[in-house]
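Order of writing sets the chain letters: A, B and C. Residues in each chain are counted from 1.
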Amino acid sequence: MAEQFNHELLCVLSGFGGQGLLFAGKVMANTGLLDGRHVSWMPSYGPEMRGGTANCSVSLSDDAIGTPFITKPTAVIAMNQPSVEKFGPTVVPGGTIVIDSTLAMNGAEGVDIAEGVNVVTFKATEMAEEAGLKGLANIICLGKLWAETHFCTRETLDAALTKCVPATKQHLLEPNRKALQMGIDL
Amino acid sequence: MAQPTATITLPDYQQERIGSQIAEGEVIKSARPHALTDVVTNYCPGCTHGIVNRLVAECIDELGIEGRTVGIAPVGCSVMMYDFLNCDMIEAAHGRAPAVATGVKRVHPDNVVFAYQGDGDLASIGTAETVHAATRGEKITVIFINNAIYGMTGGQMAPTSLPNQVTQTSPYGRDVSKVGYPVRIAELLSTLDGVAYVERVTCDSRAHIIQAKKAIKKAFQNQIDGIGYSLVEVVATCPTNWGMTPQNAFQWLRDNMLPYYPLGVYKDVVADGFANAAEAALERAKDCPIAQQKRED
Amino acid sequence: MADNTQAAEERVLMKGNEVLAEAAMRAGCRFFFGYPITPQTELAAYMAKRLPKIGGTFLQAESEVAAINMVYGAGAAGARVMTSSSSPGVSLKSEGASYMAGADVPGVIVNVERGGPGLGGIQPSQSDYFQATRALGHGDYFMPVLAPSTVQEMADLIYLAFDLADEYRTPAMILADGMIGQMMEPVTLPPARDPKTLAAKPWATTGHKGERKHNVVNSLYLSPEKLEDTNRERFERYEQIKAKHQRQELMDCDDAEIVVVAFGAASRIARTAVRDARAKGIKCGLLRPITLWPYPTDAIDQVIANGATKFLSVELNMGQMVEDVRLAVNGRASVDFYGRTGGVLPTPEEVLDQIERLAAGQPVARSAGAKDVGSVLPQPIDRKSSYERGE
């Protein structure tokens, strides 16, 4: 299933502001940069600076990217219920949706998700807190999505994560790596 | 530096008018300052713009700064000032001279940059630019001509028109209950921390003209010395739009303008014992810890 | 994260707005005057952080009106200078832009457009096309208007904008939108130029130092004949710009019968739609104007010569650029319009639907999601004269 989308990953990452989805999107976009692919990272932007809904669209492609706003994603990470409801129905058959059911308690239940979509539901936020990785549920979800889709090589993924942790926050690199591994190992 | 002595060359038409009194080639004292071009100004008889233009030019000459001075002309009766002065000049949009001056000064901090503005320009349409250039402490010099009326457009009510003053747009006299009170710029700007020096002068007599020149020169010297934003407000006449003879206009200025706009120094950080506006501002905010923080840059 | 210390050739991932700022500095711009507004914020923030470190000046002005007049002053003093804003703020800059044009003062104005009129919205829009291309402000003038559609073009075009502004002594505009401004894409930044190496500006008001006659930067001419002469001289420069600097991208236009015309964000959506239409066997191409002024009329001529019979202008407004397409086509082919407004973006599927309708000879919808929009907007003109119709 993964190979089918290897030439193009169109991913929407969505949740509440503060859950780190824009950061997870940047890690994803940087894998494309490192691999020399066409990349776009498009955030939603609006008046709410904190706590509101936040999503971004990441396109990785071997061809020039048209619209950076993704209407038919091949992958979705949804970390709250409104995100599952909004983006779940847009995933194309053969695509993947990763749902953090800590906050999206109903998961995909009652959401009109196309047949043939790979639905992966687990309590990422809860896992992160239990493992002492508070605030890194985003990276756990990213790891899980990578495990399901292999949108790049493992080496590239690690390098992108390293690149995205700023020099002033190097102490966060190890916890991020742990979270990524935890998602992959799920 | 002594007043230069020079041979005056009059344009043809002026020779026709006054040629009988001044012969071409005659050596006279108190010649046109170098910073003033030989273009005949467009000012009305009895208008004080001409005097102030000349005072600015004399100060530029005496300070020896013509080669590094950039002037900003306003919109108003002195709009053509770029033709009257020999330094580099920029014509600004109505009210925007302080912003244009800011742009020039930031690019060439060693240039001497001045704005010359009337009351409609500086105190109405350009109030925001005026107040903010002042509070930023832009190291510029502003010459403000306050004649309580819009001259060029034909005598409309100005932000500085006096209560009950009759103008084209206040035909029954300025009704303060409906249109409010005149703006007193010298007083207003003297409250701002960025301002180094504000003085209000006038040009109705020889003594006052001498004082006006002293103030203008000081406003330029402050800039040269990096002391801060300096403004000289000149209470001026507009005989044409006031509907008076020049003599009566000066009398009206003494009777009505000066009581409302008292002459004097409104702020002078150097006289107050500070090196510059920044030092004075620091002292004023001495009880505010964050304002006292030392900067690394 | 964006890292701006890398070598020039390296590909980096950066936001469009930040790239505008970085590339402007590399073009030799050391002065920025602006006022906060969404969605161009990152540009000003980047300038505020970086400019003081390279000996430049970032100044947050009291208003957009003041900011553009500071640009006028700094430009008159000979510096490479810019300001940026978004639609409502650009309206306030129109006064200063007119004075800059009238006094032949170079400078760059960035408009990261949002929806309007009035306060409008903050989502991507192209509602300021008329304002940008017809003269931003009063008077008889134009300015080069460049429309990036990728983050890479944000870099390339602002670099070009500074060069055009200086060469032709004119303000120049980057007309971007919230999409290109907010998105991150890989970009190769242009080489950094030392402002000292740029061509001298003998007309600038720098202080004459006793070495020349005094310079005057001015847009006032009380003699109508003098003003006419000045304007005519400026329009001769405009003709040179038109002859030398029309820019566009053509995709699949060699055999295209239907040509979609779109710029900026709309062209991204149109690109996807055109590809999908080709996949369905429709002979369709994309003409993407890069210069909105001068409008790439030569390219319109070229695609008509190649056999294009139908044009579809796709815009994020209610139909503005379509007028330039009609002027350039001048009756030689049909011209239709499809757009969404207010910050709503059309989907590629919507645009594809219109292309399919055109291919099938059906009328296009003009704006999906709107009630009866088709009936209130002018219908395609029957270009035959009454004589030709036999009336």
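Operating definition for what follows: a residue touches a chain if its C-beta (ideal position, glycine included) is under 8 Å from a C-beta of that chain, and two chains touch if they have at least 3 such contacts.
All values derive from a computational prediction rather than experimental measurement.
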item	value
Graph class of chain-chain contacts, one of line, ring, star, complete, other	line
Chain whose Cα mean lies nearest the overall Cα mean	C
Averaged-CA centre spacing for the pair chain C and chain A, given as whole angstrom	34
Separation of chain B from chain C, taking each centre as the mean of its C-alpha atoms, in whole Å	41
Centre-to-centre distance between chain B and chain A (centres being mean Cα positions), rounded to whole Å	63
Residue numbers of chain B (touch at least two other chains)	none
Sites on chain A touched by chain C in the complex	26, 29-30, 32-33, 36, 38-43, 45-47, 64-69, 71, 163-164, 166
Interfacial residue positions of chain C with respect to chain B in the complex	31, 33, 52, 57, 59, 61-63, 65-67, 69-79, 81, 95-96, 99, 103, 205-211, 214-220
Partner chain C, residues of chain B touching it in the complex	66-70, 72, 79-80, 82-83, 85-93, 96, 99-108, 111-112, 128-129, 131-132, 297
Complex interface listing, chain C residues touching chain A	1, 11-13, 38-39, 122, 178-179, 182-186, 268-273, 275, 345, 347-349
